[in-house]
């Protein structure tokens, strides 16, 4: 759909935005950091494994090695209390953290955009009803939803497709990984609400414009109007908001990990690593510093990129 | 200007990193004491006791955090010894036990008073015990008192079965009448004759519960036909106020550990009049009437509970603290921060995070690591393959280097058997003897038994015998035929559980070539999952002793609904324990218990991992507070010492230290009981 | 307008009941119960507990009883803390959260507004980049990391303030700072953006052209326009702060509502969970309504009929 729209509207609008974005040095900095981060977490773990034979969940067999060592040439970021290499853990944790951010944002995009667009376009009672439903879900504490999802669908009642997904990605019977996927969807399911509101607001202001009336007059179906005409025009704020959803979901995951409900061993996320590290900050500061700084740097970059995108896509309004 | 933005960013990150590093240096072991160390000037102890107390009702609460608070607020017949946790006299000045160990006679002090000045008499204890057992209160600890005759029947709303002729059906109808105890002591009474008579049969008092029983048992159905059902009342439970200051307890079977159970908060005395007057609001600070050395001054839930010395307490003269502030806290880091900042004086057990251990343990005047009546173990689901094969179970047990595990945990000691070591020296002696005997009979030896702590070679061999051959794979091992999908390591979410599970996962991977998935659950989700044995293969488990007797551990595998969460049950084992408890001679009883332990350990239904060390800190100026096996401190012995030369010199030697203040206090307390014992012994030798 | 407000206010009641129903269902779906502990209970004891709390009745009956009580605004007694009513617990712990939240927001306003104004006035200077980078840091450092770092320095390194717990003024300094960081960052960014937008607008140009002195232009006109987005941000922010901020309360062991709520979920303390959820959902919905209304005032293009 999106490609279609680009073809019709001409490349100039997007190219303009891209040019404006490149002028924003902080946004460029953000993009570069993110690109490096993605490459590092994608290639880092296999590279480390190939070079040293160490994996993120490797606990040494020798008892005296099972303790937290400060950074050294052997372990660039030191080790955690179980003697696991922190560099490998931070990189592997980055995979999970970025996946949490991206998958949950995609879930929130799919659900939020269609929901908000339908509510905004149909208007009236349906809109009212749909938005009150959002209010209700908004008022239910997400921690309760996460606990219920993880406890009811975790374990023996795990939906098959999640098991299938984690089997493809991590091997059979990988319960921890399944739990992480469940977490992605739990987070996605609670983070689409604001997206729905943003989209609805956009659609409300767009739906009475001439191009929509014209489309209606030519007999385009409601579905077609919403998804071919309205949504592409609301894409700017949606993209901006999506870039801001990624860091907020990552922070939420970190918070859940801090409460012990997030990513579970042997996997780690930056949030869970930082949450573990914070307990030992006075003794083993490296356990906090490396995951903490990496995470902050990534969030930093995402926020910069979000700002840059907002300026680039929507030069008139400069809210936030 | 252009570069400055990036420069700024780098600067901030550098500042963040450097500041954290600097901060890291501030907690090095410098100075004699850990953080600020100054006795509080107001003589009030500030203590961290764990999470917020559920209630201030001693019969209702169950947790350790509450237990410590209840010990300050309520007094019982007996109290824990501050070092050994053996029962010492409290409101009961002395006591006697009959020869078969089913009857107890307590003589109460005449000067015991509630916090409102009302005297404490035998009737108050009778009320308190009955209240705890009442089905309406639904106390979760009620089963602690099930040893009292008809206590379980009353608590489970059962009924006696009455014949048309007015007599009652007996439990063991037709069996030979139990031998009556010869020295039935105390005054004769109608109740005593009733409670001493052969045990009556009890059945559920509602039709539905009864038919559930009779459907399975046609003989019982026939027996119950045309009978009248008389509900068991509170008045039928085996506790009797012989007179105002004498209490008689009747047990349905001998339980040599029962006296050790009585200092438990469940058996402490509460004030009937105020409970009846205020109903469920009686524990509010403005209503509450207590019986202990301290009374409630102020309660701000989740923040602080202030208790102050009660001048009405019978032993107020020997209470040295002016009060105690109990802080309800859960986060270990928060606790240690407060301790280091000099804002609290002591913490409860297991409060030193593993990471802090190396630092904190250097402060030998403050850090306690003493044996504890607690075990960590993994339960195995013995009814499901592949764990239904004892060889597989033993292979998994042998493949964990438990010494390395204990080292890794810093505060634990490895365990081969189930009852912890260093707590019951006499039992361990008996166990050594019995095990040597039984092992020799098997053609094995004690040394071989001890080697069970870790033997990867044998583990691989056993696994091969069970049909899962382990092959060499590179520098490690692999066991391709083992059904990994049928076994996982399940534990409830917590940092330390996770660390242990990860360690054990790595051990099995390295020694057997089997990588089991880890599975963790939020606590409340985990509990029913474990107790219903729904887990696959391996589940985390642990136990803290209720009283100072090995039976509190062995009891875990007793009866069909046992707490071991393995699905295992063997009536043979139950009989061994019952027989042991009927034995009056202490050493002989221990030997019988040891046989039972050997029996259950042969089945390897669990993997014992470690016994815990206390691992807590107290400021050196606190005296009279000892690292006993339950970390339960009788507060009236605790005091703050302003004179630095008299402060605790070494926590390692604290149990050997002799404190004249405490000795005098103990001597005074036990004088009557000791005199009575002596008189009895003299009478015996005279015979 | 008035009828719109009334209608929205009225609809809050059924919505809150719906929230409670969904929450109730979620609690019932979640495994585990309030009385389970590390020790297995004997069946007789479990029966007694079930009877005492009416858990032996069919679920629809239990649901009916619960809804009837809630309609009467009586959430009953906490299951975990018998003898304490839910209303009493909420009333007792709300002030802790509210105090911290109020001061944190105040601090955030002071810091955020001044940083935002300075950044806007000295656009593209080192001040601007410095304060905006700091604001970005505020948005990117989780507060469970910031809090312990502050504790380490000021409570355990310098012994200036207590590391945690409720108490005097010195106790709330660190939690207030920790909590305010992210809000200060937001406000600074909002203020800067708002001011810049206003300063480019025609009426400021007119004011300047009229020869008004720069101070008057800035403080009277630009600032007024610049803080509008801050005002609309305040609504939801205050609702969130009032509700308690779990992390800060946990890090500093403050007995606030957020802390209590997490505990109640982990304890499966059904009446307490429902009470807090109902209370918070009503507050959140009222604040949402307030935001909607304020849009009407701030932006004349939006109309409610």
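In order of appearance the chains are A, B and C, and numbering begins at 1 in each one.
Here is the rule we go by: contacts are C-beta pairs under 8 Å (C-beta built on N, C-alpha and C of every residue); 3 or more make two chains touch, one makes a residue touch a chain.
Model, not experiment: these values are computed from the prediction.
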item: Pair of chains whose C-beta contact count is the highest in the structure; value: B-C
item: Reference chain C; chain at largest CA-centroid distance; value: B
item: Centre-to-centre distance between chain C and chain B (centres being mean Cα positions), rounded to whole Å; value: 41
item: Rounded Å distance, chain A centre to chain C centre (Cα mean); value: 23
item: Distance between the centres, which are taken as Cα means, of chain B and chain A, whole angstrom; value: 46
item: Where chain A touches two or more other chains at once, by residue number; value: 147, 151, 278, 281-282, 288, 296-297, 300
item: Chain C residues counted as touching two or more neighbouring chains; value: 30-32, 137, 148-149, 152, 156, 250
item: Residues within chain B bordering two or more other chains; value: 5, 9, 20, 23, 26-27, 333, 522, 525, 529
item: Residues on chain B engaged by chain A in the complex (per definition of touch); value: 2, 5-6, 9, 13, 16-17, 20-21, 23-24, 26-27, 332-333, 353-356, 358-359, 401, 403-404, 407-408, 484-485, 488, 493-495, 498-499, 501-503, 505-506, 510, 517-522, 525, 529, 534
item: Contact footprint of chain A on chain C as seen in their complex; value: 11, 15-16, 18-19, 22-23, 26-27, 29-32, 136-137, 139-142, 144-145, 148-149, 152, 156, 189-190, 193-194, 196-197, 229, 246-247, 250, 261-262, 265, 273, 277, 280-281, 284-285, 288
item: Parts of chain B lying in touch with chain C, wherever the complex brings them together; value: 1, 4-5, 8-9, 12, 19-20, 23, 26-27, 35-36, 52, 54-55, 57, 60, 62-63, 135-136, 138-140, 142-143, 146, 152, 155-157, 280-284, 300-304, 327, 329, 331, 333-334, 337-338, 340-343, 522-529, 531, 542, 561, 563, 565
item: Of all residues in chain C, those that touch chain B in their complex; value: 30-33, 35-45, 47-49, 51-52, 77, 80-84, 89, 92-93, 124, 126, 129-130, 133-134, 137, 148-149, 151-153, 155-157, 159, 162-166, 250-253, 255, 259-260, 263, 266-268
item: Residues of chain A defined as touching chain B within the complex; value: 25-26, 29, 57-59, 61, 63, 66, 68, 81-82, 147, 150-151, 154-156, 172-176, 260-261, 264-266, 276, 278-285, 288-289, 293, 296-297, 300
